[in-house]
Amino acid sequence: MRRASNVIFPALCGFCAFLACGLLFGLVFVIAQRGLPAINWRFITEEIRQVGSEGGIFYNLIGTLILIGTACLVVVPLATGLALTHAVYARKASTRSRLGLFLYTLNGIPSIVFGIFGFIVFVKYFNWGKSWLTGGLLLALMILPTVTVALIERIKALPRKYLEAATGLGLRQSQIVWSIILPQSWSGLITGGLLGLARAAGETAPIMFTATIFAGASIPHGVRESPVLSLPYHIFILAQDSFDPAVAAKLWGSALVLLALVFALSILALPLRLRLHDEAQG
Amino acid sequence: MKPKDNCLLDESVSTAPAREIFRISNLSVVARGKSILRNVNAVIKANQVFGIIGPSGAGKSTLLRCLNRLSDLTPELEVTGSIEYRGRSINAPGIDADALRASTGFLFQQPVIFPTSIYKNVIFGLRHIRRGLSFAQLRETAESALREAALWEEVKVRLHDSALTLSVGQQQRLCLARVLATQPDVILMDEPTSALDPKSTAAIEELILQLKARHTIVLVTHNVPQARRVTDWLACLCLRDGAGEIAESACCDAVLTNSQCREVIEYLNHG
Amino acid sequence: MSAAERDLGVSLSRRLSFTRLASFAFSGLAVLTLAGLTLIFLVQSVPVWRHAGLGYLTGGKWFYRAHLFGALPMIYGTIVVALMALILAAPISLGAAIFTAEFLPRRLRLAVKITVELLAGVPSVIYGLIGILLLRNWVYDLFARFDPLSGDTLLTAGVLLGVMILPTVMTLADDALRGVPAEQRRAARSLGLTATESVLSVSLPQARRGLVAALLLGLGRALGETIAVFLVVGRQDNNLPESLFSLRPWLKAGQTLSSKLGGSETNIAYGDSLHWGAIVGLALILMAMVLIVTIAAAWQRKTTYAPSF
């Protein structure tokens, strides 16, 4: 009986793991199968025509890159500030735990809430209309916890000997931060940043009221009334209406390109994460 | 504690041939290409306290873990050679390693207590190994195990308190009781007193001497006076070419005066 | 400079350090933004509270043209869909996590973990697309004898969400199980317990808090998910069961808080302060629900720390 359960239980659990992995491969397979026919050089370098049934997704790709690029620029100083406050400057443990709770809470906020917030503040109150900058700011806010936590963990993993040696030499705190802590832990920014950007690239809800439109935009000029096209929103609109066969192939092609972008960003972070994981194992 | 003053140098002098519990032949252990143990040979007899002594890194703990196949839990370890438990090889394919571990108790250097009550700790192993025991039987076995481990008097009124409230010395005795509850005939001990204060150490050593009447004990230690006090037979594991080899395996006084092991012994004496 | 002056000089400049100020400023900015967000929502939703009071939460009818704002069907939809997702995902993700944390060697465990993490990163719009392509027809066919109007139902959204939160719950559960010290497992095995018994008697009980937190965080994600739900839930208002345990609404098109917020009403409501207040109120309710779950999860974990996500 004990021996039987010692075979059945691991087998059951293994089946669950197999199912979980199978779902990923199945998903990728379905999208690749339907999307691959539409992918060619023209698809990626041309702009959409005829409401998505002609042309390519060039400006959608550009728009998404603009959005995540902006998000990246905005999130780096914010996350660094938060991480330094938490890991270096906060004297009291209560400050640290409150900051941690803040990050935890921020991470759980539904993305549509950010979209509505941006709508109220930037689109209406500041009167910017739809703007790529709004999108970048909201996405930065959304991925702030991911990037911050990755950086905090990296800072905490720094060997004490570096800090002790520097303090012993008489360096001031800010000098230690800039000459030792930040240079040694920037890999945390990279891994967190890549993971955050992977998430930001695929988000629709924060940008659909604030930054993106379906057609009629290319490269934005200025900040006000300068929306961009984007991949996820493009897919979102077309998906609600997916019965035109000419559109369908392009729809799956767009989905494949978006998936490839998201995976590429996540996979880029892998070697660094694996190395840090190995280091941590000792 | 009386130092041992009598030593049987030759087995043939003993009045009755003692049963072999473990026979280790040509045991070698390699981890990731690095040799940890090389060509270890030993015979462990029934109802004796078999000591394994040596410098750190010589592979004493690894050797102990091979005896109950706890080494299986570390996949990097490649074990070659043969270990026979009561005449049967334990590395043969059909062997139930879990059953082997049930009949050989293991005491770790740091007492490992489960986060539950004292009583539940004691019957933890027993509950799984022998299903169908009635509540009364469990209670009885727990009590006799705790008595055998000399812990009963101290905990009998608070059996359902958390085991984490016990002192380290008491926790180690609790681990011993937990092992004894499964009624093993061999108890493997990996430096069981190195984390304990002198009083608890003395208590455990006293217990070892009492336990050997009904169990066989294999004790890894780096404490020479302890070896002198407690063991009947001593194997000295020395580092040669980076791997542990048995330098000498004999009755303990013989080992402690052996020239090959003397350096090691003196190092341990001073350390 | 004397030693004392030097000391004073050093500690003074430490207090006035630019980096320190900037860090505090940025942290403050982030926190203030969140606080501002909450405040703005509260203020802008006031009209609907004045108009409908508690009836906003308990009212079962939403007809904005008639200024009737009852959020209950959407609260119901959100909860039903999220719970369905959790019930579907929990056993599979827990089983998978147990397998990777307890039975797999280190290399394979990493490989599976990476695969599952990639799955967790798939954008919701793509899940929505798959839901439209595959799930819709599957649900429609499977439940044909109950005569559904289409494949876009609460059930469809629940199943899709289940697949979406599966990888999230699994990685968190795996982390929780790995947090149990190896020596505890070793001690159990040394007593003669089988690997399975060790998992059931040692790993699972000791990882209990982390596992509950994993489930709660998955629930939080399911509650807040917008795009995928939007695409397959049918977006039909006022789908509320007649009696408490009737399952009829599950096979009908429904509406969740997030799917309403992502819809066209949000765009047209802005001019009308009452209508807009009702919309923002929905966002507030959603935030409150997610907040409760998030805080419960944080309380379960030993550190009030964001997990490695």
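Here the chain labels run A, B and C in written order, and each chain numbers its own residues starting at 1.
Note that contacts are C-beta pairs under 8 Å (C-beta built on N, C-alpha and C of every residue); 3 or more make two chains touch, one makes a residue touch a chain.
Predicted, not measured: the structure shown is a model, and the values here were computed from it.
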item: Distance-to-centre winner among chains (Cα means, whole assembly as reference); value: C
item: Chain whose average C-alpha position is farthest from chain B's own; value: A
item: Pair joined by the larger number of C-beta contacts - A-C, B-C; value: A-C
item: Chain centre separation in whole Å, for chain C relative to chain B (CA means); value: 50
item: Distance between chain centroids, defined by C-alpha means - chain A, chain C (Å); value: 17
item: Chain C, residues touching no fewer than two other chains; value: 194, 197
item: Sites on chain B at which at least two other chains make contact; value: 98, 128
item: Where chain A touches two or more other chains at once, by residue number; value: 2-3, 6
item: Residues on chain C engaged by chain A in the complex (per definition of touch); value: 10, 13-14, 17-20, 22-27, 29-31, 33-34, 37, 40-41, 44, 91-96, 98-100, 102-104, 110, 112, 114-119, 121-126, 128-130, 132-134, 163, 166-167, 170, 194-197, 199-200, 217, 220-221, 223-227, 231, 258, 261-262, 266-267, 270, 279-280, 283, 286-287, 290-291, 293-295, 297-298, 303-309
item: For the chain C and chain B complex, residues of the former touching the latter; value: 105, 183-194, 197, 201-202, 206
item: Complex interface listing, chain B residues touching chain C; value: 68, 70, 73, 75, 98-103, 105-106, 108, 110, 112, 114-115, 124-125, 128-129, 175, 178-179, 182
item: Complex interface listing, chain A residues touching chain C; value: 2-3, 5-6, 9-10, 12-17, 19-21, 23-24, 27, 30-31, 77-78, 80-82, 84-85, 88-89, 97, 99-113, 116-117, 119-121, 124, 141, 144-146, 148-150, 153, 172-174, 177-178, 195, 198-199, 201-205, 208-209, 232, 235-236, 239-240, 242, 251, 255, 258-259, 262-263, 266-267, 270, 274, 277
